[in-house]
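Alright, structures below, take your time with them.
Paired with chain B in one complex and with chain C in the other, chain A is shared by the two complexes that follow.
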Partner chain A sequence: MVEALVQQLLDGLTVGMVYALLASGLSVIFGVMNVINFAHGELFGLGAYFALAVVSPLGGVGFYLALLVAPLIVGGIGVLIERFTVRPLYDRNPLYHILLTFGLVLIISDLVILVWGPEPTSLSRPEFITGTFDALGGSFSRYAVFMIVFGSIVTAGVWAVLNYTRYGLIVRAGAQDRRMVRNLGIDIDQYYSLVFGAGAALAAVAGIVIAGRGQVTPGLGSAFIIPAFVIVVLGGLGSFKGAVLGGIGVGVLQESVIKPDFPAIDGFTLVPALPQFDGMIIFILMIGVLVLRPRGLFGSEFNEESGQLLVGADRSLLTDRQRQFLGVGTVGLLALLPLASGSLLEPSTVEFLMIRILIWGLFALSLDFIMGYAGLVSLGHVLFWGLGSYTAGTVLTNATESVLVAAAVALAVGTAVAYVVGYLSIRVSGVYFAMITLGFAELYHNLVIDIDGWIQDGWLHTVLTAVPGVDSAMLVDFELTGGSEGLFGFSTFYGVGDIGVHLDGIAVYLGPVTLTDRLLLYYIILSVLVGSFFILRRILNAPFGAVLKGIRENETRVQFLGYDPTVYKRRAFVISGMFATLAGVLSALSNPFVSPGAAEWLKSGEVIIMVVLGGLGTLFGPLIGAFVFFGLEEIIQDGVVFDSLRGLLTLVGLSGVADTIPDFTRRWRLVLGTVFVLFVLFLPSGLVSVPAKLEPYLPDRFRPTRATPAEQPTARGDD
Partner chain B sequence: MATTGDPAADARESTAMLRTEGLVKRFGSFTAIDEVSLTVERGEFRSIIGPNGAGKTTLFNLISGALDATEGAVYFNGEEVTDRPPEKRIQLGMGRSFQISNVLDGLSVRENVRLAVQATRRDSYGLLESLFRPTDRYDEINEAVDRILEQVGLAAVAEETAAALPYGDKRRLEIGAVLATDPELVLFDEPTAGMSPEQTQETVDLIRDVLAEQSLVLVEHDIELVMELSDSITVLNRGEVIAEGSPEAIANDPEVQDAYIGGAEL
Partner chain C sequence: MSGETGQYDRRTVLQAAGATGALGVAGLAGCIGSTDDDGGDGGGNGGADFDTVQLGILEPFTGDFAALAEERNNGETLAVDEINQSDEFDFEFETEEYDTQLSPEDGVQAAQSAIQDDGAGFITGAISSSVALSINEVAGNQEVVYTPGAADVSITGSNCNEYVFRFETNTAQIAEVMTQWMVDNLGDKIHYQIADYAYGDSVREEVDRRMQNLSDSYEEVGFTSSAQGATNFESVLTQIEDNVDAADALVVGATGGHLIRFLAQAAGRDLGNQIPIVTTTGSFSVVRGGAGTAGYNGEIYSGTRYVPGIETGDNRAFVEAYQNEYDSAPDNFSRVGYESVYTIATGIQEAGSRDPTVVRETLSGLSRETIFGEVTFRECDQQATNPVWMAQNVAPDQGEVADVELLTKLEGEEAIPACDAVGCGL
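Coming up: the complex of A and B.
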């Protein structure tokens, strides 16, 4: 029994050690330079791949060499990343680092696939740390013990450096007050590069160690980064102690405590239903801790340095009338598009691509309402998209085929959830807000996969059968979310009761033009989007919106005018949640199916990209962003860039070269990541700011006239 | 409220605009404000002076609610507000200006003032109106905005972005925004910091002009100015009140002179 218990704890500790190595680097990087490094997980993965490169030619013995060489290489990459991408952003809001490093994630993960391929590979280990050894009447994995011992030595080493060296002293002082350190005549920028590099090296060590246990796959980084972040937040951003203790704690909790047979005593489990919450436990923990202790367990009170979020149009080149004209023109053009479908345009362009763009445009619009106007950066906006899709799907599958009823139910659910999540999240600010919203989204993602199992034969089954009138047979086949497969095959009826239309198979003939059911759906979605745009614009021009814009400018000031910013932010969050839910509903209707992908956090990242691409804090920016995002994807995945590059080379007589270039241009995430990183670095106010940036270079006659103050648009992005 | 047994004193305390009782603020082991009790009467012009680091701004933060007091109580208009958040104190009629100019940079001058006026008229419209009725259709609010812009002399630049204003105008705008919250008591934290003598005079005239009716508490470094303006002066040193009285009495107080020489700054 003792042996079994030790075995289980060993599992927990090994994973815990990896978490500790990963999280401590993240946390120190945050503490010293306020950088949220989402690319940390990819550096972790890179560590494993460079180790692979060392080990494959040398065999198992190369493992020890890899433990030395790979972290050095990754550390070097870390230094380069800091120097060329992170450094230019220090004066800005820390949220730009999230955006930047998210772009880096896309780039690095695609590069890894390009170089090493998508298949998992195994990393061979030296003889000495392979197999098992006997002790305590049982046999234990040598490698597990190696991981724990090695991890402890590295962690203790880092701790000693931080606490007992001059270097560590300066790093710790910099974490407290970086300006003061600079005023003492210390070039703290040099230390930043080192800290970032050291953090990257620690991540690489963790990556190698975990790879030795299993396999090296391109998904390694993304599998560990979210838990690592949760740990950093749990322990308190910037706290080395918090990260190490949190890492080990979470590892033990995840891999030991909540396993079905822990502690290995026959017939006894701690809490019977706990193992069923497997994937959720850390998120529940994080949310709980943040609600009770908004700075994490070991976080001290610090002044979060918050530079401005850079919103889109500082000033507009166009007069109100011109804008109106442009807006009407765009909507008119969009309304005419279906007429060209099948003739000028490929059918799929409007029927699928444009539908997708419009729905995501609405989603981006909803995010911009809180991000661009209230300064709340949510990493969990996908929660509402998922809620909309799933609630609509569930209602359409189980209750009625009326789309209107499904949408109404979904909106009600979305609004209620937005209120609760907003209530719990908005008490924390900045980075913590981003993380707590991510936590809720991940909880929901797990929930949609698990809940059917719970109802069919899990703990909910036990609870529900206790209700009078419910018997077990009713629950066994019950389908709320369809588990990991999702819901499909629901039919959609656009109406209520007996009045309405089934779009399936309908076609409207207008002379040479045929409007298919997909094209009719396009019109429905377009009108929802236009309607939403006007409602949001109206809100922003009313007193409520005025206060939101004030909050974005300076929350303290608004509070000292007599407004409670929390109340306004919460309401804005609810409004934003409603429109995001609506986007989710439209997505379910247009597919028509719902899968757990509808609640994956990557979607939150993508929608943030769209908002920033287009321009924060303008209502049309996110729409432009969605259009460019999917337009770019379409072009790249079609291979247009690749083909034209090759064509060009062939044309100039270099067909030999043309044949050798790899098809990297089809790697959509690589290109997207690069574009995004460039945007964050050089055009953080988005595409909508381009005209204003170009203004000084325009010939005089193209410049707008600003003679009459009455016509001059108000100061900033209120449209 | 504590009674002193003296009915006259009780009556005075309950009509006082602002009263603090044994206010203490500690940061770790450092005591920034130590047992500060002061009473500001209705219509009084009170100045708070003291060497750098005496705790003047901290005291303002405690009174306005930007910081929570470790011990003690704050009464405003006879009502205890110690545990109220800043916005509640503002709603009750406290106004606060900041040491570092603190306007809403990205918004227009008009919008800065309008938001302040809007805050005081929230009872005049419902939730739906607040969500959907455009701000230019609230005539009463917009008339009040025009009046204030006129008063502080910013009507001509009303549509400019606040960020584009010269420094002196920014401070005017801040005074306008404070005025627009319709306060009974205004806390001014060094309103003339960084100004030339002419600008200082202008600002002082403006404050006297537009806030003649209100009780004022002023933190200020310019001793001459303080002597000229104040009804009474409180002197802080190391978080404690070391003297309080009329300008003349303070000027002649040996302990005050000591503190200033000790603090090496006047």
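Coming up: the complex of A and C.
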């Protein structure tokens, strides 16, 4: 019995220790520098790869050396990253760090593949920490004990530095109140590089420790980054104690208590179905803590500096009339595109790429409504995309093939969920809001994968069979979401009852051009997008929109004027959720399948990128962002750019140089990531700010005649 | 849920369009019509120009399966080169590669790009089951022949359609050899450790059903599962260890990185010396390479789809050609890529046409000589009747990567489930 308990505790502590190492670095970086570092997971992976480079030639003993060398190298890389990419962004909202570090994730992960190849490898360990040892009447893994002991030493060391050195004192003070530290005459900026480097080194240590137990593979870090963020938030941003206790607590809870269904004494378990909620517990815990303690368990009560949110078009080069003209022109052009399909354009460009861009444009538009106008950064917007897709998919598969019915049901569900999530989330702010929405999205992602299993033979099966009239056989083959595969092969009918059409059953003949199936779908999606655009614009031009913008600019002042910002934010969240749900519905209609990827958090990240790329707080910015995002991806993958560059170099006699340009078509993420990083550094207000940036260089006659900027409202929308 | 290939397929529409256009129903005023009012079968892809055939290669070149995609792609490239140089085939393949990444959306876009933009009537590829299933749909709707690489039973089962031919050995076939061998050699008290997604679930389902048929005393003495992306197995290992006395074998339903991580941590607890570990993919070279010494710590067995050392069909020639080209031995994914391309080529050659519909009709039920000897694509599900093996991972003569020792072979006809049990309505 004792050995079983010890074993269970060891299981939890090994994981807890890794979480603690990873989360403490992340937390200190955030606390001191206000940087949401998504690349932390990649630094973790880099640690493992540099360790591999040290261990491979030296064998198992090299492992000890690697524990010292690899974190130093990664720490050095961390310092460089801070100096050259993070530093220019300090005055800005943490949102920009999401875009920046997202770009870094793409860059680092592709560089790892370029250098070390895509195959997984193993990291050999010294004999001493391999195999098992006997104690307390049982046999235990040596490496597990090593992980705990080593992790504890490192953690204790960091704690000592933070508590007993002048450096630590300043860092802690900085985590609590940067401005005060500055006012005391300390140049805290000088400490940032070191903090970032130290955080990266801690991540590397965690990476090596994990790699020693499993494997070294690209994407190692991505499995840990979300739990690490959750723990940071649980513990309270910037709190080292919170991160360590949170990490160990979550590890022990997850591995020692929930998974083994502890206490597993015969006939009695804590909650019988608890292990079935395995992947969700951590998010439920985070949401629960944030609802009760909006700043996490050990978070400081100081106000965070949110930094400046750079809204896209505060000065416009174009007059309203010109804008109107441009808008109508763009829609007209979009409407003409299908006519060129198959002749000027490749068929899949309109039928797939453009459809995708339009749907993502709507998704980005919905996010911008709360992010750009109400200042709420949601990392969980994919929840609504997933809800839209899955509800539509489920209705189309199980109930009716009427698209209208499916869309109506999905919108109703999306709106209801948006209200509940909004109600619980709006009370927390800033990064905590981003994380609580992420928590809901991750819960939903787990739900769509698990719910069929629950119904077929899990706890829901037990519950449902207790209902009179429901018998077990009805539930065994029940498919609501299709589990980890998803739902396939539903057909769509545009109408209700007998009145309507199957898109693939009709054709519109326009002279030599015939519009069928997906080209017709393109028009439907385009009209939904244009319609949504006008509805959102109308809302923003109404007093409601003015209050929202007021909240973004200065929430306290809006409160003084007698408006309740919480109510306005919640309403905005519900509206935004509805439109995001609509985008999800369209996505289910455009691919006749729905898979769990529809609810993956990565989509939330991508849509934020599109909004920032295009320009926050303008309605057409997100649309441009979606277009550029997918357009870039397509162009880089196509290889046209690099092929032509190579061709050009060969033409001018530099074939040697041409040969050194690697084949980027498979490493398109690297190029895309680099574009994001350069973008956030040099064009922070988004693509919509390009015309204004160009203005000084224009000849006088092209300059618009209008009032001086000072007389313009400070944050204009696109209206 | 077979593919919707009803009367409204795209090709008919385009033909209708062509016909209407030719009749000169011009003018800017559009008119709306039904698409099934044209019965003619236009040129399609059949007929005269038989010299070149466009083949779309769709693989997850970026993302977690990139390494496997490379292997498959090597096999495909080798096959295309051989076919293009051979006199046996009256045509040449022109290929284009597309990145499906890891999502069904990207997979579908890649497939559409191949079919619509580049005119591919034949497509091959994909490793993850959800991507393969989504391309299945596209292939059925667009009427192009598709040879997928994923092992999910439903691809040629409940989600099958008449344009999909699979040379990859599926989980049901592997489960057949595993269960027969386990009952004969290890016993019938099983603990299952399952990766909690479609693949793991199907392993448990297939093994469980067969064990029930094979042995009256069969018993599932324990069950544990871990999320698909799980990185930590300590607590499930503790639960498995509690069961080592009661169970005769541990069946692990997992693949790729999940299996590697499990084996590495199991070795840390010396699990393989406490209970035989029976896996479905432990003989894959990518798994053995990733697991290192953990790949042969104790008794680790694997249902096996392919190893380069087998002496069947023209495998030896394939292995030699592959080694000459890439300086390494082929693995399961390379041979699937290789034979998937040959399957398409044989179909085209036998049909004497590059019209996918004609080729599809020819391939269904066709037997051909492969690296496994003679293999048939059964008419009822178009799954290849590949033989399967049971194997053990053993310590290598040198290095740290396990060797594979074949223990027993089950012939293709015996391994494949009966037609009425696969749930495909062909």
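Going forward, the second predicted complex is superposed on the first by the 685 of 719 C-alpha atoms of A that agree within 3 Å, B and C clash if a C-alpha of one lies under 4 Å from a C-alpha of the other, contacts with A are read in each partner's own complex, and residues count from 1 in each chain.
Keep this in mind: a contact is a pair of C-beta atoms (placed from the backbone, for glycine too) under 8 Å apart; a residue touches a chain by one contact, two chains touch by 3 or more.
The shown structure was predicted, so the numbers you read here are calculated from the model rather than taken from an experiment.
Applying the stated clash criterion after superposition on chain A shows that chain B and chain C can sit side by side. Contacts of A:Ser141 after superposition: chain C is touched, whereas chain B is not reached. Legend: residue contacts after superposition of the two complexes on their common chain; A:Phe682 is shown touching neither chain B nor chain C. One of chain B and chain C touches more residues of chain A, and that partner is C. In the superposed model, A:Val547 lies in contact with chain B only, and not with chain C.
By the document's definition of touching, of the two partners only chain C reaches A:Asp517; chain B does not.
Touch criterion not met for A:Tyr697: it reaches neither chain B nor chain C. In the superposed pair of complexes, A:Gln215 makes contact with chain C only, with no contact to chain B.
Taking every C-alpha of chain B against every C-alpha of chain C after the fit on chain A, the minimum distance is 35 Å. Contacts of chain A with chain B, set against its contacts with chain C after fitting on chain A, share not one residue.
Chain C contributes residues 1-4, 8-10, 13-14, 16-17, 20-21, 25-28, 30-36, 61-64, 66-67, 70, 99, 102-105, 108-109, 112-113, 116-117, 129-130, 133-134, 136-137, 152, 154, 159, 196-198, 201, 227-229, 231-232, 234-239, 241-242, 257, 260-261, 264-265, 268-270, 286, 289-294, 400 to its touches with chain A in the complex. Considering their complex, residues 64, 66, 85-87, 90-91, 96, 98, 102-108, 111, 114-116, 118-120, 125, 129-135, 138, 159, 161-162, 177, 181 of chain B touch chain A. By the touch criterion given at the top, residues 4, 7-8, 10-12, 14-15, 113, 117-122, 124, 130-132, 139, 141-144, 210, 213-215, 217-219, 223-224, 255-256, 259-260, 278-279, 346-349, 351-353, 356, 449, 453, 483-486, 488-489, 491, 502, 504-512, 514-517, 587, 591-593, 595-597, 637, 665-669 of chain A touch chain C in their complex. Only residues 311, 314, 538-539, 541-544, 546-547, 549-550, 552-554, 556-565, 709-710, 712, 714-716 of chain A touch chain B when the two sit together in their complex.
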